[in-house]
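Two complexes follow with chain A in common, the first pairing it with chain B and the second with chain C.
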Partner chain A sequence: MQAYDVGGELGKGQWGTVFRGKRVRDGLRVAIKRVRAGDPVEGVNFQVLREIKMLKGVKHENIVELVDVVPQEEGLNMIFELMATDLEKVLYGTTPTEAEIKGYAAMLLEGLAFMHAHFALHRDIKPANLLISFEGILKLGDFGYARYLADENCHMSDQCCTLWYRPPELLFGASEYGFGIDTWSAGCVLAEVGLKHPLFRGETDLDQLAKIFQITGPPDETAWPGVSSLRKYIRFSKNDNPLTVRTLLNNARLAPDFVDLIVGLLSLDPKSRDSAVDALDRPFFTALPRPVARPPRKHL
Partner chain B sequence: MSAPRADLERSDTRWILSTEELANSPSRRDGIKAEDEKKKRRQTVSFIEECGKKLKLPKLPVVVAETYLNRFYGLNSFKAYDRFVTAQACLFLAAKVEEKPIKLERIVVECHLVRYESRKRPLDPGPTKNNPDYVAAKNAVLEAERVLLYSINYDFDILNLLPITHFESLLRKLKDSGVRDDQPF
Partner chain C sequence: HDDEELARLTSAPRCSEKLTATAAMVRLSRLSETEVLYQPLPTYITEVQADGMTEGWRHKITVWFDQLAESFKMSTETLSVATNYLDRYLSCETCGSLKFQLASVASIFLASKVEEARPFKTADFVTLSDGIFSAADLRLMELELLCTLKWHLHPPTFHTFLNLLLVLLEHDKVDTDLVGERA
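And now, the complex of A and B:
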């Protein structure tokens, strides 16, 4: 750890503390995530392993860079590039312009498209995990749930994604799922950016489904073939006046091409959901104003 | 930490050792003969193989664990680190990395059985899991895991680098070019 000067504390997570720091050699500003690796029961934390596995050696403009891993006594220091803020803070602490919003949307989808092209799932896309650099570049962060897509017929856990951003197939207990889980979360994030409040705010798994179907109407075998054979499928009764996501967003005065983008990401059936690449092809990104990345006005 | 660490500068070829490096391995410098080192590698890899079967692990994490082991003893001497403890740490880590985590207790108990089978002396954790022999075995694996992580320089996403992965894609290409494939792969 002599290679780094450790500064003040930035925050505390589930399994460690994050400090501000500087690389002695060149003054690079870093965030040091110090984790207790020596868990007396199960050794080095599973999530820490995942994060190192997925991020080590990866360089992409929209993925947070893991600069180094340094052991220390019973623990580990994960050295990340220091980021200025995150999308949650930008969204609720400042007023990003339309062009900046478009930039964030493009950068989020670029990051996901890169991961998906490498058969990797993030599995915890939410505003707080979308970090923003001092230059205003959005980068996917927190890879504690990320993994490679399992082979066919190999089960993956349905216990991932923060509840409000969790797609219906996970809530129905699907164990074979794909890139659609990240794009659903991305759709929820973008809707939240437009609405300035989370789109579906459930309190339990069941309530989350209810909140989604209140707006979309419940799925059936025509709209989503195979839905009724999912492990935790429950039939929801039809509500009288489904609003649709489109009308909800239109009522909030979002630009029509922005609404198209979000609606494409929020299809209930994961098979007909837009991929990150599809979404990047939407007219939203070629219409004016052009997407921009500007330094955030407030820092951590 | 006293264990040597992989050279950070040689990124891609870090794990491909030259003939000289192989001839001058840490075990060799520690007075272990070439044949003996080879034999120890072979035995320890088959120990991992056996334990993997006993633990009902899929092939993938087992192959990854074997690779960790070979890398570890490319940098460390067999005299300095107990190979059976290291082997357990390799399995423990590979199972987590390949998304098939196994409770440490199972690893310690099952691997003990494989190691001492002929002597028929199972390792009983005890009702409160505080049998001193069990606790010592468990702690040894936990410590070995940390040394292992450091030695292999946290490079544990190695699937794309394994010969089997290249072999598999080669077989696919053969198959695509019309070569008959009677055996399921």
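And now, the complex of A and C:
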């Protein structure tokens, strides 16, 4: 670790502590994620290994860069480029302009489009995992749940995505899933950006479904062919006072083309959900004001 | 407990995405780029190894990997990954017979953690090695391996290439069928 000067603590995560730091050689500002090796008997935690494997393979402007990995005593230091803040803090601590919001939306979808083109899933898209650099560039962070879709027979966990951002197919125990889980989460994040509060705030898996269907109405075989044969499918009764995502967002005075973008990402049936590339083609991104990336006004 | 775990895994969701021919082409061209990062030195036995390693050692280990895969139901992909880790390590470090064995064990241990749904435990290897290596030996070797490999843990393997080529062939077949119909 002589190559880095370790500074103050930035935060504590599930895996360990994050410190601010500087690379001695050139003064590069870094964030040092010190992960405990987990069980000292089992060596490096396999989830940490998989995160490193993924980060070494995907290099893109909208994906956080893993600069280095340095072992130390019973743990590991993952060295990342230092980021200024994250979308959650920007959203709840400042008032981003329309053009900046458009920029964040575009950068989130660019990052996802890149991952999906490389056959990788992030599986934990939420505002706190969307990091923002000092230049205002949004980058996908926290790859603890990310994985490659190695081949079509690979078994995948259904325990991924933070509850509020988890898509209905996972909650219904679908026997297969794909890129749609990230785009659903992205839709939830963008709605949250517009509304300034999370869209679906469930407390349990079942409650999460209830919260979703309160707004979208429960799915049927027409809207989502095959839904009733999913392993954990439960019939929800029709809501007396049905509200659609569209009316909810319109009522909150979101621009109509922004609403179109979000509604396209929040289709209950993953097959008819917009892909990240589809979403980037929406008129929202070509209409004025143009998307911009500006340095965030508040730092961590 | 193990049966429960197995049941959980077999009921786990599968991937619903299928590679298109274009995506397969893009991946193939990118793989040949990244392959360079993961290439062991073809002549490492004569050029790097200075403590008696022969072709025979490597052959023995690959046979042992195969047996392990069979008894622990590991995928052949994991074996290819482990062999890549070992070859790359041996391209940088010379090993006597004991260290060679430890590096082999650590390679398959690491590959199983990176690739397998049910990774090995250090205890499995302590037993398999008849107690020659302790859990601490294995853990230290794992770190040495990771640093030597510069944390590049995702080598394109024979299977990666084969899968992509199969996707292309499949699409090609569909296309020729269509052409045939039209003709």
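Just so it is clear, the second predicted complex is superposed on the first by the 289 of 300 C-alpha atoms of A that agree within 3 Å, B and C clash if a C-alpha of one lies under 4 Å from a C-alpha of the other, contacts with A are read in each partner's own complex, and residues count from 1 in each chain.
The rule is simple: contacts are C-beta pairs under 8 Å (C-beta built on N, C-alpha and C of every residue); 3 or more make two chains touch, one makes a residue touch a chain.
All figures in this text were calculated on a predicted structure; none of them were measured in a lab.
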Among the partners chain B and chain C, which is in contact with a greater number of residues of chain A? C
For A:Lys56 in the superposed arrangement: first (chain B), second (chain C), both or neither? both
Examine A:Phe200 and indicate which partner it touches, taking first as chain B and second as chain C; both and neither are also allowed. neither
According to the stated criteria, A:Glu42 is in contact with first (chain B), second (chain C), both, or neither; which is it? both
Which partner does A:Ser175 reach: the first (chain B), the second (chain C), both, or neither? second
Looking at A:Trp224 after the superposition, I want to know if it touches chain B, chain C, both of them or none. Which is it: first, second, both, neither? neither
Where does A:Trp184 make contact in the superposed view: on chain B (first), on chain C (second), on both, or on neither? neither
Of the two partner chains, chain B (first) and chain C (second), which one does A:Phe213 touch, if any: first, second, both, or neither? neither
In the overlaid three-chain picture, which partner chain does A:Tyr145 touch, first (chain B) or second (chain C), both, or neither? neither
From the superposed pair, tell me which chain A residues show up as contacts to chain B and also as contacts to chain C. 37, 40-44, 46, 49, 52-54, 56-57, 69, 71, 148, 150, 156
Could you list, by residue number, the parts of chain A that touch chain C in their complex? 37, 40-44, 46, 49-50, 52-54, 56-57, 69, 71, 117-119, 148-158, 170, 173-180, 231, 270
Counting only contacts in the complex, chain A reaches chain B at residues 37-38, 40-44, 46, 49, 52-54, 56-57, 69, 71, 74, 76, 147-148, 150, 156
Okay, in this complex, where on chain B does chain A touch? 1, 11, 92-93, 96-97, 99, 101, 103-104, 141-142, 145-146, 149-150, 154-157
Considering only the defined contacts, which chain C positions touch chain A in the complex? 9-19, 23, 26-27, 30, 34, 77, 109-110, 113-114, 117, 119, 121-123, 135, 138-139, 142-143, 146-147, 151-154, 163
